[in-house]
Amino acid sequence: MYQARGEKHWIIPDGYIPPTSKGSLESHESVCVLNCASEDALIRMTIFFEDRNPIENILVVVPGRRTKHIRTSSLSSGGEFIPVGVPYAIEVLSDIPIIVQYSRLDATQAENALMSVIAHPLK
Amino acid sequence: MYQARGEKHWIIPDGYIPPTSKGSLESHESVCVLNCASEDALIRMTIFFEDRNPIENILVVVPGRRTKHIRTSSLSSGGEFIPVGVPYAIEVLSDIPIIVQYSRLDATQAENALMSVIAHPLK
Amino acid sequence: MYQARGEKHWIIPDGYIPPTSKGSLESHESVCVLNCASEDALIRMTIFFEDRNPIENILVVVPGRRTKHIRTSSLSSGGEFIPVGVPYAIEVLSDIPIIVQYSRLDATQAENALMSVIAHPLK
Amino acid sequence: MYQARGEKHWIIPDGYIPPTSKGSLESHESVCVLNCASEDALIRMTIFFEDRNPIENILVVVPGRRTKHIRTSSLSSGGEFIPVGVPYAIEVLSDIPIIVQYSRLDATQAENALMSVIAHPLK
(Lines give C-alpha, C1' and ligand atoms only; values in the text may rest on other atoms or scores of the structure.)
Protein backbone atom coordinates (compact mmCIF):
# COMPACT_ATOMS: atom_id res chain seq x y z
CA MET A 1 0.00 0.00 0.00
CA TYR A 2 1.37 3.41 -0.99
CA GLN A 3 0.67 6.47 1.16
CA ALA A 4 -1.05 9.62 -0.19
CA ARG A 5 1.42 12.56 -0.49
CA GLY A 6 1.01 16.30 -0.97
CA GLU A 7 -1.97 18.48 -0.03
CA LYS A 8 -5.77 18.28 -0.37
CA HIS A 9 -6.37 21.88 -1.43
CA TRP A 10 -4.71 23.74 -4.33
CA ILE A 11 -5.29 27.10 -6.05
CA ILE A 12 -4.47 28.35 -9.57
CA PRO A 13 -5.39 32.08 -9.85
CA ASP A 14 -4.50 32.51 -13.55
CA GLY A 15 -6.72 30.38 -15.78
CA TYR A 16 -7.37 31.32 -19.41
CA ILE A 17 -8.29 29.20 -22.43
CA PRO A 18 -6.84 30.93 -25.53
CA PRO A 19 -9.73 31.23 -28.02
CA THR A 20 -7.71 30.57 -31.20
CA SER A 21 -4.92 28.31 -32.48
CA LYS A 22 -2.50 28.31 -35.40
CA GLY A 23 0.30 25.93 -36.37
CA SER A 24 0.39 22.20 -35.62
CA LEU A 25 -0.63 22.35 -31.93
CA GLU A 26 -3.90 23.46 -30.33
CA SER A 27 -4.00 26.05 -27.54
CA HIS A 28 -4.89 24.39 -24.26
CA GLU A 29 -4.40 24.28 -20.51
CA SER A 30 -3.81 21.25 -18.35
CA VAL A 31 -4.33 20.72 -14.64
CA CYS A 32 -1.75 17.99 -14.00
CA VAL A 33 -2.39 15.83 -10.94
CA LEU A 34 -0.21 13.14 -9.39
CA ASN A 35 -1.82 10.66 -7.03
CA CYS A 36 0.99 8.79 -5.21
CA ALA A 37 -1.45 6.70 -3.14
CA SER A 38 -2.70 3.19 -3.83
CA GLU A 39 -6.30 4.38 -3.54
CA ASP A 40 -8.19 6.64 -6.01
CA ALA A 41 -8.44 10.41 -5.44
CA LEU A 42 -11.81 12.13 -5.89
CA ILE A 43 -11.27 15.72 -6.99
CA ARG A 44 -13.82 18.52 -6.81
CA MET A 45 -13.04 21.73 -8.73
CA THR A 46 -14.56 25.19 -8.51
CA ILE A 47 -14.09 27.73 -11.33
CA PHE A 48 -14.12 31.43 -10.30
CA PHE A 49 -14.80 34.34 -12.68
CA GLU A 50 -14.43 38.12 -12.65
CA ASP A 51 -18.08 39.02 -13.07
CA ARG A 52 -20.33 36.05 -12.33
CA ASN A 53 -20.87 33.31 -9.79
CA PRO A 54 -18.50 30.31 -9.71
CA ILE A 55 -19.10 26.99 -11.50
CA GLU A 56 -19.05 24.43 -8.69
CA ASN A 57 -18.88 20.68 -8.25
CA ILE A 58 -16.78 19.66 -11.23
CA LEU A 59 -15.77 16.08 -10.36
CA VAL A 60 -12.73 14.14 -11.61
CA VAL A 61 -11.27 10.82 -10.43
CA VAL A 62 -7.51 10.23 -10.52
CA PRO A 63 -6.77 6.52 -10.05
CA GLY A 64 -4.21 5.29 -7.51
CA ARG A 65 -0.52 5.40 -8.59
CA ARG A 66 -1.48 7.37 -11.70
CA THR A 67 -1.11 10.90 -13.08
CA LYS A 68 -3.87 12.68 -14.94
CA HIS A 69 -3.26 15.72 -17.17
CA ILE A 70 -6.76 17.23 -17.26
CA ARG A 71 -7.63 19.52 -20.17
CA THR A 72 -9.64 22.42 -18.73
CA SER A 73 -11.75 22.56 -21.89
CA SER A 74 -13.05 19.08 -20.98
CA LEU A 75 -14.35 20.16 -17.56
CA SER A 76 -18.09 20.61 -17.05
CA SER A 77 -20.72 20.68 -14.34
CA GLY A 78 -24.45 20.44 -15.06
CA GLY A 79 -23.77 20.82 -18.78
CA GLU A 80 -21.78 24.04 -18.24
CA PHE A 81 -18.22 24.39 -19.62
CA ILE A 82 -15.48 27.01 -19.00
CA PRO A 83 -15.84 29.70 -21.69
CA VAL A 84 -12.79 30.48 -23.87
CA GLY A 85 -11.12 33.90 -23.86
CA VAL A 86 -12.22 34.73 -20.31
CA PRO A 87 -9.99 35.22 -17.22
CA TYR A 88 -10.82 32.71 -14.50
CA ALA A 89 -9.30 30.89 -11.48
CA ILE A 90 -9.30 27.26 -10.38
CA GLU A 91 -9.76 25.71 -6.93
CA VAL A 92 -8.89 22.00 -6.61
CA LEU A 93 -10.10 20.02 -3.58
CA SER A 94 -9.23 16.34 -3.15
CA ASP A 95 -10.37 13.77 -0.60
CA ILE A 96 -6.76 12.56 -0.21
CA PRO A 97 -3.44 14.43 -0.63
CA ILE A 98 -2.27 14.96 -4.23
CA ILE A 99 0.18 17.25 -6.07
CA VAL A 100 -1.07 19.74 -8.69
CA GLN A 101 0.71 21.61 -11.49
CA TYR A 102 -0.88 23.91 -14.08
CA SER A 103 0.47 24.44 -17.62
CA ARG A 104 -0.76 26.46 -20.59
CA LEU A 105 0.19 26.15 -24.24
CA ASP A 106 -0.76 29.28 -26.14
CA ALA A 107 -0.81 28.70 -29.91
CA THR A 108 -2.53 32.00 -30.76
CA GLN A 109 0.49 32.59 -32.94
CA ALA A 110 1.80 29.63 -34.98
CA GLU A 111 4.95 29.51 -32.84
CA ASN A 112 3.96 28.32 -29.38
CA ALA A 113 4.28 29.89 -25.94
CA LEU A 114 4.35 27.82 -22.75
CA MET A 115 3.89 28.65 -19.08
CA SER A 116 3.69 26.45 -16.00
CA VAL A 117 3.35 26.77 -12.22
CA ILE A 118 3.05 24.39 -9.32
CA ALA A 119 -0.42 25.29 -7.96
CA HIS A 120 -0.46 27.09 -4.59
CA PRO A 121 -1.11 24.59 -1.79
CA LEU A 122 -3.42 25.58 1.08
CA LYS A 123 -2.77 23.85 4.40
CA MET B 1 -20.27 32.39 4.31
CA TYR B 2 -17.02 31.34 2.67
CA GLN B 3 -13.74 31.69 4.57
CA ALA B 4 -10.77 33.71 3.27
CA ARG B 5 -7.87 31.45 2.13
CA GLY B 6 -4.20 32.04 1.34
CA GLU B 7 -1.94 34.82 2.62
CA LYS B 8 -2.19 38.59 3.10
CA HIS B 9 1.28 39.49 1.80
CA TRP B 10 2.80 38.50 -1.58
CA ILE B 11 5.94 39.52 -3.49
CA ILE B 12 6.80 39.46 -7.24
CA PRO B 13 10.45 40.51 -7.73
CA ASP B 14 10.48 40.42 -11.56
CA GLY B 15 8.10 42.99 -13.03
CA TYR B 16 8.60 44.39 -16.52
CA ILE B 17 6.16 45.87 -19.04
CA PRO B 18 7.53 45.14 -22.54
CA PRO B 19 7.54 48.46 -24.41
CA THR B 20 6.52 47.12 -27.83
CA SER B 21 4.15 44.60 -29.40
CA LYS B 22 3.83 42.83 -32.74
CA GLY B 23 1.35 40.23 -34.01
CA SER B 24 -2.27 39.88 -32.87
CA LEU B 25 -1.70 40.12 -29.11
CA GLU B 26 -0.44 43.03 -26.99
CA SER B 27 2.47 42.63 -24.54
CA HIS B 28 1.18 42.80 -20.98
CA GLU B 29 1.51 41.52 -17.43
CA SER B 30 -1.28 40.42 -15.11
CA VAL B 31 -1.38 40.17 -11.34
CA CYS B 32 -4.01 37.45 -10.95
CA VAL B 33 -5.81 37.40 -7.60
CA LEU B 34 -8.30 34.87 -6.25
CA ASN B 35 -10.50 35.90 -3.34
CA CYS B 36 -12.14 32.73 -1.95
CA ALA B 37 -13.98 34.63 0.80
CA SER B 38 -17.55 35.91 0.78
CA GLU B 39 -16.36 39.41 1.66
CA ASP B 40 -14.40 41.81 -0.59
CA ALA B 41 -10.58 42.04 -0.41
CA LEU B 42 -8.93 45.47 -0.33
CA ILE B 43 -5.49 45.26 -1.92
CA ARG B 44 -2.69 47.79 -1.54
CA MET B 45 0.27 47.52 -3.90
CA THR B 46 3.74 49.04 -3.77
CA ILE B 47 5.95 49.23 -6.88
CA PHE B 48 9.73 49.15 -6.29
CA PHE B 49 12.36 50.35 -8.78
CA GLU B 50 16.12 50.10 -9.25
CA ASP B 51 16.95 53.78 -9.03
CA ARG B 52 14.06 55.74 -7.50
CA ASN B 53 11.62 55.68 -4.60
CA PRO B 54 8.66 53.28 -4.69
CA ILE B 55 5.17 54.15 -5.93
CA GLU B 56 2.95 53.46 -2.93
CA ASN B 57 -0.72 53.11 -2.12
CA ILE B 58 -2.08 51.63 -5.33
CA LEU B 59 -5.52 50.37 -4.30
CA VAL B 60 -7.59 47.61 -5.93
CA VAL B 61 -10.75 45.85 -4.72
CA VAL B 62 -11.33 42.16 -5.52
CA PRO B 63 -14.97 41.25 -4.79
CA GLY B 64 -15.89 38.20 -2.72
CA ARG B 65 -15.90 34.82 -4.54
CA ARG B 66 -14.31 36.44 -7.60
CA THR B 67 -10.95 36.45 -9.39
CA LYS B 68 -9.38 39.59 -10.84
CA HIS B 69 -6.62 39.52 -13.46
CA ILE B 70 -5.15 43.00 -13.00
CA ARG B 71 -3.18 44.51 -15.90
CA THR B 72 -0.16 46.24 -14.41
CA SER B 73 -0.39 48.97 -17.06
CA SER B 74 -3.74 49.97 -15.51
CA LEU B 75 -2.28 50.56 -12.04
CA SER B 76 -1.77 54.13 -10.82
CA SER B 77 -1.43 56.16 -7.65
CA GLY B 78 -1.75 59.95 -7.57
CA GLY B 79 -1.80 60.05 -11.36
CA GLU B 80 1.49 58.08 -11.60
CA PHE B 81 1.67 54.88 -13.71
CA ILE B 82 4.35 52.14 -13.98
CA PRO B 83 6.72 53.10 -16.82
CA VAL B 84 7.25 50.59 -19.66
CA GLY B 85 10.66 49.05 -20.38
CA VAL B 86 11.89 49.41 -16.79
CA PRO B 87 12.73 46.61 -14.29
CA TYR B 88 10.54 46.79 -11.19
CA ALA B 89 9.08 44.65 -8.38
CA ILE B 90 5.59 44.33 -6.89
CA GLU B 91 4.44 44.03 -3.27
CA VAL B 92 0.80 43.02 -2.73
CA LEU B 93 -0.83 43.53 0.68
CA SER B 94 -4.43 42.52 1.32
CA ASP B 95 -6.69 43.04 4.32
CA ILE B 96 -7.84 39.39 4.09
CA PRO B 97 -6.02 36.28 2.80
CA ILE B 98 -5.91 35.88 -1.01
CA ILE B 99 -3.83 33.91 -3.55
CA VAL B 100 -1.66 35.74 -6.13
CA GLN B 101 -0.11 34.60 -9.43
CA TYR B 102 1.87 36.76 -11.87
CA SER B 103 2.01 36.18 -15.65
CA ARG B 104 3.67 38.04 -18.51
CA LEU B 105 2.94 37.86 -22.22
CA ASP B 106 5.83 39.26 -24.23
CA ALA B 107 4.85 40.06 -27.80
CA THR B 108 8.01 42.00 -28.64
CA GLN B 109 8.38 39.50 -31.45
CA ALA B 110 5.22 38.55 -33.37
CA GLU B 111 5.32 35.04 -31.93
CA ASN B 112 4.54 35.28 -28.23
CA ALA B 113 6.49 34.28 -25.13
CA LEU B 114 4.79 33.51 -21.81
CA MET B 115 6.02 33.22 -18.23
CA SER B 116 4.18 32.75 -14.95
CA VAL B 117 4.92 32.31 -11.25
CA ILE B 118 2.90 31.97 -8.10
CA ALA B 119 3.93 35.10 -6.16
CA HIS B 120 6.10 34.47 -3.08
CA PRO B 121 3.94 34.49 0.07
CA LEU B 122 5.24 36.18 3.22
CA LYS B 123 3.91 34.83 6.50
CA MET C 1 32.62 19.83 4.75
CA TYR C 2 29.50 21.38 3.26
CA GLN C 3 26.07 20.52 4.65
CA ALA C 4 23.26 19.05 2.49
CA ARG C 5 20.46 21.57 1.88
CA GLY C 6 16.88 21.33 0.59
CA GLU C 7 14.56 18.32 0.74
CA LYS C 8 14.82 14.59 0.02
CA HIS C 9 11.50 14.20 -1.82
CA TRP C 10 10.30 16.21 -4.83
CA ILE C 11 7.35 15.91 -7.26
CA ILE C 12 6.85 17.15 -10.86
CA PRO C 13 3.27 16.36 -11.98
CA ASP C 14 3.61 17.65 -15.58
CA GLY C 15 6.14 15.66 -17.56
CA TYR C 16 5.98 15.44 -21.35
CA ILE C 17 8.67 14.80 -23.97
CA PRO C 18 7.62 16.61 -27.17
CA PRO C 19 7.83 14.03 -29.98
CA THR C 20 9.14 16.36 -32.69
CA SER C 21 11.62 19.21 -33.16
CA LYS C 22 12.22 21.93 -35.72
CA GLY C 23 14.77 24.75 -35.88
CA SER C 24 18.26 24.68 -34.37
CA LEU C 25 17.35 23.26 -30.94
CA GLU C 26 15.93 19.88 -29.96
CA SER C 27 12.81 19.53 -27.79
CA HIS C 28 13.76 18.24 -24.37
CA GLU C 29 13.08 18.32 -20.65
CA SER C 30 15.61 18.60 -17.85
CA VAL C 31 15.37 17.64 -14.19
CA CYS C 32 17.91 20.06 -12.72
CA VAL C 33 19.40 19.03 -9.38
CA LEU C 34 21.70 20.97 -7.09
CA ASN C 35 23.65 19.05 -4.46
CA CYS C 36 25.11 21.60 -1.99
CA ALA C 37 26.71 18.89 0.17
CA SER C 38 30.29 17.64 0.08
CA GLU C 39 29.07 14.06 -0.28
CA ASP C 40 27.36 12.52 -3.35
CA ALA C 41 23.55 12.29 -3.62
CA LEU C 42 21.95 9.04 -4.77
CA ILE C 43 18.67 9.79 -6.53
CA ARG C 44 15.90 7.32 -7.21
CA MET C 45 13.15 8.36 -9.64
CA THR C 46 9.71 6.93 -10.32
CA ILE C 47 7.80 7.77 -13.53
CA PHE C 48 3.98 7.73 -13.29
CA PHE C 49 1.62 7.39 -16.26
CA GLU C 50 -2.09 7.84 -16.97
CA ASP C 51 -2.88 4.28 -17.99
CA ARG C 52 -0.13 1.89 -16.90
CA ASN C 53 2.04 1.02 -13.94
CA PRO C 54 4.96 3.29 -12.98
CA ILE C 55 8.56 2.80 -14.11
CA GLU C 56 10.48 2.46 -10.85
CA ASN C 57 14.06 2.50 -9.63
CA ILE C 58 15.68 4.88 -12.07
CA LEU C 59 19.01 5.70 -10.38
CA VAL C 60 21.17 8.80 -10.85
CA VAL C 61 24.18 10.04 -8.86
CA VAL C 62 24.78 13.77 -8.40
CA PRO C 63 28.31 14.36 -7.10
CA GLY C 64 28.99 16.60 -4.09
CA ARG C 65 29.12 20.39 -4.74
CA ARG C 66 27.85 19.82 -8.28
CA THR C 67 24.67 20.42 -10.29
CA LYS C 68 23.29 17.93 -12.79
CA HIS C 69 20.78 18.85 -15.51
CA ILE C 70 19.32 15.44 -16.31
CA ARG C 71 17.67 14.94 -19.71
CA THR C 72 14.53 12.86 -19.13
CA SER C 73 15.06 11.11 -22.46
CA SER C 74 18.27 9.63 -21.01
CA LEU C 75 16.49 8.00 -18.05
CA SER C 76 15.93 4.26 -18.08
CA SER C 77 15.32 1.34 -15.77
CA GLY C 78 15.67 -2.30 -16.83
CA GLY C 79 16.08 -1.20 -20.45
CA GLU C 80 12.82 0.79 -20.36
CA PHE C 81 12.78 4.49 -21.37
CA ILE C 82 10.10 7.21 -21.00
CA PRO C 83 8.01 7.23 -24.20
CA VAL C 84 7.71 10.51 -26.14
CA GLY C 85 4.36 12.27 -26.64
CA VAL C 86 2.82 10.80 -23.49
CA PRO C 87 1.70 12.69 -20.32
CA TYR C 88 3.59 11.51 -17.25
CA ALA C 89 4.75 12.63 -13.79
CA ILE C 90 8.08 12.41 -11.95
CA GLU C 91 8.90 11.54 -8.34
CA VAL C 92 12.45 12.27 -7.16
CA LEU C 93 13.77 10.68 -3.96
CA SER C 94 17.27 11.39 -2.69
CA ASP C 95 19.25 9.91 0.19
CA ILE C 96 20.37 13.42 1.22
CA PRO C 97 18.64 16.83 0.82
CA ILE C 98 18.87 18.39 -2.67
CA ILE C 99 17.00 21.10 -4.63
CA VAL C 100 15.11 20.20 -7.85
CA GLN C 101 13.85 22.32 -10.76
CA TYR C 102 12.13 21.09 -13.92
CA SER C 103 12.34 22.84 -17.31
CA ARG C 104 10.97 21.99 -20.75
CA LEU C 105 12.04 23.33 -24.13
CA ASP C 106 9.37 22.69 -26.74
CA ALA C 107 10.71 23.03 -30.27
CA THR C 108 7.66 21.50 -31.97
CA GLN C 109 7.53 24.75 -33.88
CA ALA C 110 10.84 26.19 -35.10
CA GLU C 111 10.56 29.08 -32.64
CA ASN C 112 10.97 27.69 -29.15
CA ALA C 113 8.75 27.69 -26.09
CA LEU C 114 10.11 27.34 -22.55
CA MET C 115 8.54 26.51 -19.20
CA SER C 116 10.06 25.91 -15.78
CA VAL C 117 8.97 25.17 -12.21
CA ILE C 118 10.69 24.48 -8.95
CA ALA C 119 9.53 20.92 -8.19
CA HIS C 120 7.07 20.55 -5.30
CA PRO C 121 8.95 19.53 -2.13
CA LEU C 122 7.37 16.94 0.19
CA LYS C 123 8.38 17.18 3.85
CA MET D 1 12.31 52.20 9.05
CA TYR D 2 11.10 49.31 6.93
CA GLN D 3 11.66 45.73 8.05
CA ALA D 4 13.55 43.14 5.94
CA ARG D 5 11.19 40.48 4.50
CA GLY D 6 11.68 37.06 2.91
CA GLU D 7 14.59 34.66 3.39
CA LYS D 8 18.40 34.90 3.48
CA HIS D 9 19.14 31.79 1.40
CA TRP D 10 17.79 30.98 -2.08
CA ILE D 11 18.59 28.32 -4.72
CA ILE D 12 18.10 28.24 -8.52
CA PRO D 13 19.11 24.80 -9.87
CA ASP D 14 18.58 25.56 -13.59
CA GLY D 15 20.94 28.26 -14.81
CA TYR D 16 21.95 28.51 -18.47
CA ILE D 17 23.12 31.45 -20.58
CA PRO D 18 22.01 30.80 -24.18
CA PRO D 19 25.10 31.24 -26.35
CA THR D 20 23.38 32.91 -29.32
CA SER D 21 20.71 35.51 -30.08
CA LYS D 22 18.57 36.46 -33.06
CA GLY D 23 15.84 39.09 -33.51
CA SER D 24 15.61 42.39 -31.61
CA LEU D 25 16.28 41.07 -28.09
CA GLU D 26 19.39 39.45 -26.62
CA SER D 27 19.28 36.11 -24.79
CA HIS D 28 19.84 36.65 -21.09
CA GLU D 29 18.99 35.56 -17.58
CA SER D 30 18.14 37.77 -14.62
CA VAL D 31 18.33 37.09 -10.89
CA CYS D 32 15.66 39.52 -9.67
CA VAL D 33 15.99 40.60 -6.03
CA LEU D 34 13.63 42.70 -3.93
CA ASN D 35 14.97 44.30 -0.77
CA CYS D 36 11.97 45.54 1.28
CA ALA D 37 14.17 46.82 4.13
CA SER D 38 15.42 50.35 4.67
CA GLU D 39 19.01 49.08 4.92
CA ASP D 40 21.15 47.68 2.06
CA ALA D 41 21.41 43.93 1.42
CA LEU D 42 24.83 42.38 0.77
CA ILE D 43 24.45 39.33 -1.46
CA ARG D 44 27.02 36.59 -1.93
CA MET D 45 26.47 34.15 -4.83
CA THR D 46 28.00 30.77 -5.58
CA ILE D 47 27.84 29.25 -9.08
CA PHE D 48 27.82 25.43 -9.29
CA PHE D 49 28.76 23.40 -12.37
CA GLU D 50 28.46 19.80 -13.58
CA ASP D 51 32.16 19.05 -13.92
CA ARG D 52 34.26 21.60 -12.08
CA ASN D 53 34.52 23.41 -8.76
CA PRO D 54 32.11 26.25 -7.96
CA ILE D 55 32.82 29.94 -8.54
CA GLU D 56 32.48 31.49 -5.09
CA ASN D 57 32.21 34.91 -3.50
CA ILE D 58 30.38 36.84 -6.18
CA LEU D 59 29.24 39.98 -4.33
CA VAL D 60 26.30 42.26 -5.17
CA VAL D 61 24.69 45.07 -3.15
CA VAL D 62 20.94 45.71 -3.40
CA PRO D 63 20.12 49.09 -1.85
CA GLY D 64 17.31 49.49 0.69
CA ARG D 65 13.75 49.78 -0.70
CA ARG D 66 15.01 48.90 -4.17
CA THR D 67 14.83 45.99 -6.61
CA LYS D 68 17.78 44.82 -8.69
CA HIS D 69 17.43 42.65 -11.81
CA ILE D 70 20.94 41.20 -12.04
CA ARG D 71 22.12 39.92 -15.43
CA THR D 72 24.02 36.69 -14.80
CA SER D 73 26.42 37.53 -17.64
CA SER D 74 27.57 40.53 -15.55
CA LEU D 75 28.56 38.40 -12.54
CA SER D 76 32.24 37.75 -11.87
CA SER D 77 34.62 36.82 -9.08
CA GLY D 78 38.39 37.22 -9.34
CA GLY D 79 38.05 38.03 -13.05
CA GLU D 80 36.09 34.83 -13.74
CA PHE D 81 32.66 34.99 -15.47
CA ILE D 82 29.93 32.36 -15.98
CA PRO D 83 30.57 30.63 -19.34
CA VAL D 84 27.74 30.63 -21.92
CA GLY D 85 26.14 27.40 -23.16
CA VAL D 86 26.91 25.48 -19.96
CA PRO D 87 24.41 24.08 -17.39
CA TYR D 88 24.94 25.57 -13.95
CA ALA D 89 23.12 26.37 -10.68
CA ILE D 90 22.97 29.47 -8.48
CA GLU D 91 23.08 29.87 -4.68
CA VAL D 92 22.13 33.28 -3.29
CA LEU D 93 23.04 34.19 0.31
CA SER D 94 22.08 37.56 1.79
CA ASP D 95 22.95 39.17 5.11
CA ILE D 96 19.29 40.26 5.52
CA PRO D 97 16.05 38.67 4.24
CA ILE D 98 15.23 39.32 0.56
CA ILE D 99 12.99 37.76 -2.12
CA VAL D 100 14.53 36.21 -5.28
CA GLN D 101 13.02 35.34 -8.69
CA TYR D 102 14.90 33.94 -11.71
CA SER D 103 13.89 34.58 -15.34
CA ARG D 104 15.41 33.57 -18.66
CA LEU D 105 14.80 35.04 -22.11
CA ASP D 106 15.97 32.66 -24.81
CA ALA D 107 16.36 34.37 -28.17
CA THR D 108 18.21 31.49 -29.85
CA GLN D 109 15.43 31.65 -32.38
CA ALA D 110 14.26 35.11 -33.49
CA GLU D 111 10.93 34.62 -31.72
CA ASN D 112 11.57 34.64 -27.99
CA ALA D 113 10.94 32.08 -25.27
CA LEU D 114 10.54 33.04 -21.60
CA MET D 115 10.66 31.09 -18.36
CA SER D 116 10.55 32.20 -14.73
CA VAL D 117 10.54 30.71 -11.23
CA ILE D 118 10.55 32.05 -7.72
CA ALA D 119 13.88 30.71 -6.40
CA HIS D 120 13.63 27.94 -3.79
CA PRO D 121 13.99 29.43 -0.30
CA LEU D 122 16.04 27.54 2.32
CA LYS D 123 15.04 28.15 5.95
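Every chain is named by a letter (A, B, C and D) in the order it is written, and numbering of its residues begins at 1.
In this section, contacts are C-beta pairs under 8 Å (C-beta built on N, C-alpha and C of every residue); 3 or more make two chains touch, one makes a residue touch a chain.
For reference, the UniProt names are A, B, C, D = Sensory rhodopsin transducer.
In this text the structure is predicted, and so the values were computed from the model without any measurement.
Visitor: Would you kindly say which chain has the C-alpha centre located farthest from the C-alpha centre of chain A (Sensory rhodopsin transducer)?
Guide: Between chain A (Sensory rhodopsin transducer) and the rest, the longest centre separation is with D.
Visitor: Chain A (Sensory rhodopsin transducer)-chain C (Sensory rhodopsin transducer) contact: same residues or different, taking over half shared as same?
Guide: The interface is built from different residue numbers on each side, given that under half of them are used by both copies.
Visitor: How many angstrom between the C-alpha centroids of chain D (Sensory rhodopsin transducer) and chain A (Sensory rhodopsin transducer)?
Guide: 31
Visitor: Distance from the CA centroid of chain C (Sensory rhodopsin transducer) to that of chain D (Sensory rhodopsin transducer), rounded to the nearest Å?
Guide: The answer is 22 Å.
Visitor: Multi-chain contacts only, two chains or more: what residues does chain D (Sensory rhodopsin transducer) have there?
Guide: Correct list: 110-111, 113-118.
Visitor: In the complex formed with chain D (Sensory rhodopsin transducer), which residues of chain B (Sensory rhodopsin transducer) make contact?
Guide: Going by the criterion above, the answer is residues 9, 11-14, 16, 48-51, 53-54, 87-89, 91, 104, 106, 108-111, 113-120, 122.
Visitor: Where on chain D (Sensory rhodopsin transducer) does chain B (Sensory rhodopsin transducer) make contact in their complex?
Guide: 5-6, 23-25, 30, 32-34, 36, 65-69, 99-101, 103, 105, 110-118, 121
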